[in-house]
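Below are structures written as structure tokens.
Look for subunit A in each of the two complexes below; its partner is subunit B in the first and subunit C in the second.
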Partner chain A sequence: MRTNDLILQTVTKVILFIILLFSIHLFFAGHYYPGGGFIGGLMTAGALVLLLLAFDMKTVANILPVNYRIMTAIGLLFSIGTGAGSLLFNVPFLTHAFNDVYLPILGKTSLHTAVLFDIGVYLVVIGVTMTIIQTIGEDE
Partner chain B sequence: MNNLLLLPILIPLFTAVILIFLNRFTVASRWVSVLSLLSTVFVSVLLFQKVRTDGIQTLNLGNWEAPFGITLVSDMLSALLVLTTSVIAFACCLYSFRAIGEEREKFYYYSILQFLIVGINGAFTTGDIFNLFVFFEVMLMSSYVLLVLGGTKAQLRESVKYILVNIISSSLFVITVAYLYSVVGTLNMAHISTRIAEVGQPGILTVIAVLFLIVFGLKGAIFPLYFWLPGSYYAPPAPVLALFGALLTKVGVYSIMRTYTLFFPHDPGYTHELLGVLAVITIIVGIIGALAYWDIKKIIIYNIIVAVGVILFGVSVNTTESLTGAIFYLIHDMLIKAALFLLVGVVIAITGTSNLKKISGLIKNYPLLGWMFLLSALALAGIPPLSGFVGKLLIIKSGFEAEAYWGAGIVLMSSLLVLFSVMKIFINGFWGIHRTYEKEEKAPVSWLLISPAILVIISVLYGVGAELVYPYILEAAETLTNPSTYINAVMKE
Partner chain C sequence: MSLLHLAIVSPLLLAVIIPIFSKSIRQIHTGWFVLPLPVVLFSYFLSFISTTSHQGTVYESFEWIPSLGINFAAKIDGLGLLFALLISGIGALVVLYSIYYLAKDKEQLGNFYVYLLLFMGAMLGVVLSDNLIVMYGFWELTSISSFLLIGYWYHREKSRYGAQKSMLITVFGGLAMLGGIILLYIMTGSFSISEIVAQSDIVLEHTLLIPAILCFLLGAFTKSAQFPFHIWLPDAMEAPTPVSAYLHSATMVKAGIYLVARMSPVFAESPVWLWLVGGFGIVTLFWGSFSAVKQTDLKSILAFSTVSQLGLIMSLLGVGAAALHYDGIDDNVFTVATTAAVFHLINHATFKGSLFMVVGIVDHETGTRDIRKLGGLMHLMPVTFTLAIIGAFSMAGLPPFNGFLSKEMFFTGMVNILKLDLFSLSTWGLLFPVLAWIASVFTFIYSMKLVFRTFTGKYKPEGLKKKPHEAPLGMLISPVVLGSLVIIFGLFPNILSHNLISPAMASILPSLLSPGDIFDVHIYFWHGPTPELFMTIGVVILGILLYLTLPKWEKAYHLLPEKLTLNKIYDRGLESIQSGSFKLTRFYMNGYIRTYLVYIFAFFILILGYTLYTKDAFVIDTTNVSSIGFYEIVLSLLIVVATITILFAKSRLTSIILLGAVGYTVALFFVVFRAPDLALTQLVIETVSVALFLLCFYHLPKFKKEESKIPFKLTNALISIGVGAIVTAIALSANSTKLFDSISQFYVDNTYIRAAGKNMVNVILVDFRGFDTLFEICVLAIASLGIFAMIKLRLTRGKEG
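So, the complex of A and B:
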């Protein structure tokens, strides 16, 4: 018997983007305010899980053909790479640097290497969460 | 500041990630893995050299000053242990090529192995008690995967037990660290040491000391907390077993050594006495197990417990000489246990069984295997001039000097019984009537013998060249008995 999940599917289509946008907002807010790569990643993963609930795994795999294990590895590479980058400048591991740069549209922006590290965290969190959820989902 | 001491952690970490990408290419991941471990050995040697010439090395991660940020500290003890770990990991990885099977290799075996080394090297290097917990977790997570990988019935059954025990001990670890933090208000190990020295270790800190003993005792398998070990270690295949047996329990032992000399040296009448009693009971229990079984894996596994007891007895006596002995024996035991487990793995690969009653006459076709086993068995028991002798001699001598007659006597007696338990394997398994075994032809014996040969040779050199190694071990022990050098190096006072 097929369950009637029309409402869930319709709502998901709208809400998904709101959640994703908010997660990106959280990610960038994390530098000075509450938020960051971990919570942003969790929220993105939450959006994807909602998608999995509303549709089935096959559909989602069609929309987002992502290998989450590779995603985790890329995330780790970002984080380790950012940390190890400091070795090139002969400062202790994980030392970060920042600078105010003038960008065309955004104006004066503070660019920080911690963002690169956070992107790594973001990817790892999504990758690991989705791997776990998919593994549990496959068993059923 | 010296980034060198980070490299034995960073290289395996980086390789682990690379190996996730290379997962489908088995041959490539084998060689990447073994090359990375070889370079880890190389940087560990460089680090050892650096510590030898320039004293204790520290690194404040992220450039945050010492008591506030996370500090990595490499003194002689940690440099020696990192070096030993890297060598053993290299040998086990080489052994895995022909022993672990494609099934497991495809499921990120080499990647997880690298993560395990990250955890172990990290735990040996860190100078921050909470960071120690983090590295413990990295190590344990990897060990869960290595234990369950393959998914045979015995492995799944033992994994559940192992994970349960370790989750409980990990949460207890966090609780204990929180407890300690609420009392002394810092997490930096050197800073904790000075703060405890200022207040003179009142009762509450002794309670925390005992809690630490429980936490690390669960990982290190001391007397009432060893129950999970014989079953869990029995399940995985030989190279994993060698890594676990040689390295995992030793991290627990190292942590006890570190905390009991750096944090809690002020009330030895209670804490070290307790440690001593438990260590001696651990030896007795281990011996009983080693003598009782007719299964080669089980016999060697129970010998891990004996060794943990011997080392911790050395720690509990708490003089420079006894600690020198304990460190000497610790490194010896890591090398020789890895070699023995790998040799046992070869025997199982040839015969297809670990039941001693079904094996005999192996020395006829495999003389090299036989002699190597004999050599490591003698080294394990501590026959001079092999490597176990010096460590045990120092421990026993300092035990008698500290008037711990009972303990030292039992350590002395235990050597004989250890010798008996491993000789039982040699006499029954290698002598006697020659038999043929079903899978004998398929076993890649000559390849499998390379790794244990490396380890046995190192161990023999370590024993014969004890005179050369002794000054470094002594230096390591002196740092332990005299924490001020460690503290000064970290706090830069």
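So, the complex of A and C:
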């Protein structure tokens, strides 16, 4: 059925990494500029969908042998774990903490537990989107 | 959290760990890891005897939901301690027995012990909580763990049937009890049992008294298998025998008894209580023993016998309430019924526990429990035979076993009721001793049948699956312990009277005691030639006669037509409920998504329109509205045009692209309104969903030409216009009505100071309203798993078919 998607495939090979990098940028920028876990996750999922459209399911599954359901679970674990972690410090569930830390190379950086929470969101969004698309796509 | 709380939940904690043991250490039977816990618990609870025997109590509270008055309050008093000892003591013996009963290489031991521990913890929770809501939680957990244990051999049809039946009946009762708890809360404003007991005079005068009593008794009667709810207990015998010995004779079915005893201080002064508890108890006693005689399966005999013995204890508790109408305790002849109830509770646990284990041994060594195939096992299994004699003779009420003593006291209690000139007991009360006596005759008959049909008579090896021999030593330990207790309690009953019986009575009948007083319980072997002695002699003589002539009158049991039995009524009731609800559902669930959409949207319009109308909420206020710019007009026109074009699209591809266009235009709107986060999200979402639509589109059937001319449908048109109108109206009104000050200033002020972020939207998402996000991603995850499950399951089923 697919005969004439050489152009799409070639472009995808280049663009994919740009989108992925951009999505990671969006993810980390989230706290100060537009972006965040939700958008970052969606963008990554969008990149993967592009990959799916350009190549077929099997090829993509070979390149990225990821079980997206487990990815969803890990994401949930991250988010709930971050929330529950605050209980250990005797503050209400989901209380975040942040501090400025001097890291090598990066210099002064603000570290924030919200990032951990956002990683959870990021993973869940990718996991959910890809699970749905994969399941429906594989259904024959 | 105190040590007592830890003791209560320790079985539940162990239940979490035990699967690891059963998986990783396969050489050792999992039961050995479980066994230490009940032993430790038993000795721990024993240490409280010195406290309770001096009328002391131990109270530990742990705040759970203090705003609703729900605290995990644990209280040890005489009654609770007696039950806790039974649960942990019999529990230890049953676990030991099960190690030899369940083969480690054939059974799923992990599951078994998890369920058993779950039950043990739940049961301890029931008898030691002072808070009714907490007790209710544990109460339902006992129902669930009992369900799991009955259905342990889930590949058997009968196990599943029995499990479902017990679940339906006991949970029904549990819910009724919850209703009773709420009624009590309305009356007294407290969930704490101690506080409710202190206010019992308010409860007794309240108009809700009778409904509350009925609700509680429904809970107690279903759990303790009282007539007519007893039908689940015989079917529960599909569980492995250690479970039957533990749950369905010694502990869980006594939870109902516990509940009645526990609530006695609140309700017992009401005549309704006396008549209901006593009446249902005595009828159950009679019906259970009557039905037990006709059974041919050893476990069925024991099941019906348990039903009848539970009825006996229940009736004693009911009759014991008469003592409250009589002043003083020194010459109070009615307290003997309560004494007998507590005493028989202990005795029943010992002899019935050992009998169940004996039956389990017979089943294990011969491969059958059918009394018609068994016989002559006496010489092959001498120890088991001796144990069976001890248990059955005690059950029949023969000296010198403990059953004799409590049976005598039972008769005393029943005869004494005639002396009371209250609630028309002096006339109708005659039924109590008469039924009690007849039931005892039947008890005698089935006890004899149980022993002599199995162990004497002709040995029939051809009908047995295995070659019978004596059970291994480990399997005999537990029944031997229980059997010796039967004899010890029979010969020296007074070791129990001060330590356990008297404190338990103090919990059941507290109002009879002045402070510092105790019930002076003394159990005598020989009372002289009293009516009860003659009643016992009569039972023995008539029992022997009837047992010997059993084949001649057994046919009388077939007089009651099959169709009218309670089991048939239950089965047919269940079936008609199922088919009825199926029909009702089929009436509106026809399988077409478009029909469901019609329902959903119709209700949407009705409810929201109604609310808008009645609350007078529709307002249009244009004072705060900014002027409409050029871009906004263009974009809205674009959306309208694209939407209308969808309606006339001839192919699916066009529709999808048009829908995408609508979505992207909305994203542009966000750009115009300077909301970059939303714009980005909308853009990516639109991209992904267009891809998704394309995928789905690939799977849909061909777009048929005939369908392209969809006939105009008035209802659908009305509904679609209605939904649009309502949503528009709500949006306009929402914008025009400001009930509260906007919260946005809070975020503007605090985003950087409190959350160290500059992007307000994201800080709200992950920090200020992190809970929302957390639940949203949970919903997303559930939805994706749902889609995955639906599609994958359908695929596998398709392959099978």
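Throughout what follows, the second predicted complex is superposed on the first by the 137 of 140 C-alpha atoms of A that agree within 3 Å, B and C clash if a C-alpha of one lies under 4 Å from a C-alpha of the other, contacts with A are read in each partner's own complex, and residues count from 1 in each chain.
The criterion applied here is as follows: a contact is a pair of C-beta atoms (placed from the backbone, for glycine too) under 8 Å apart; a residue touches a chain by one contact, two chains touch by 3 or more.
Bear in mind that the values here come from a model prediction, so they are computed numbers and not experimental data.
Chemist: According to the stated criteria, A:80 is in contact with first (subunit B), second (subunit C), both, or neither; which is it?
Modeler: both
Chemist: Considering only the touch criterion stated at the top, classify A:94 as touching first (subunit B), second (subunit C), both, or neither.
Modeler: both
Chemist: For A:72, select first, second, both or neither according to whether it touches subunit B, subunit C, the two together, or no partner.
Modeler: both
Chemist: With the two complexes superposed on chain A, say which partner A:54 touches: subunit B (first), subunit C (second), both, or neither.
Modeler: A:54: touches no partner chain.
Chemist: For A:126, decide between first (touching subunit B), second (touching subunit C), both and neither.
Modeler: In the superposition, A:126 touches no partner, neither subunit B nor subunit C.
Chemist: Looking at subunit A, does subunit C or subunit B touch more of its residues?
Modeler: Per-residue touch count on subunit A favours C.
Chemist: Find the residues of subunit A that appear in the contact set with subunit B and again in the contact set with subunit C.
Modeler: Shared contact residues on subunit A: 69, 72-73, 76, 80, 93-94, 96.
Chemist: Inside the complex, what are the residues of subunit A that reach subunit C?
Modeler: 26, 29-39, 42-43, 45-46, 49, 52-53, 69, 72-73, 75-76, 79-80, 83, 93-94, 96, 98, 110, 112, 114, 117-118, 120-121, 124-125, 127-129, 131-133, 135-137, 139
Chemist: Touching subunit A in the complex: which residues of subunit C?
Modeler: Contact set of subunit C toward subunit A: 676-677, 680-681, 684-685, 687-688, 691-692, 695-696, 699, 755-759, 761-763, 765-767, 770-771, 773-774, 777-778, 780-781, 783-785, 787-788, 791-792, 795.
Chemist: Along subunit A, where are the residues that touch subunit B in the complex?
Modeler: My answer: residues 69-70, 72-73, 76-77, 80, 84, 87, 90-96.
Chemist: Can you list the subunit B residues touching subunit A in their complex?
Modeler: Subunit B residues touching subunit A: 1, 3, 6, 10, 13-14, 17, 20-21, 59-63.
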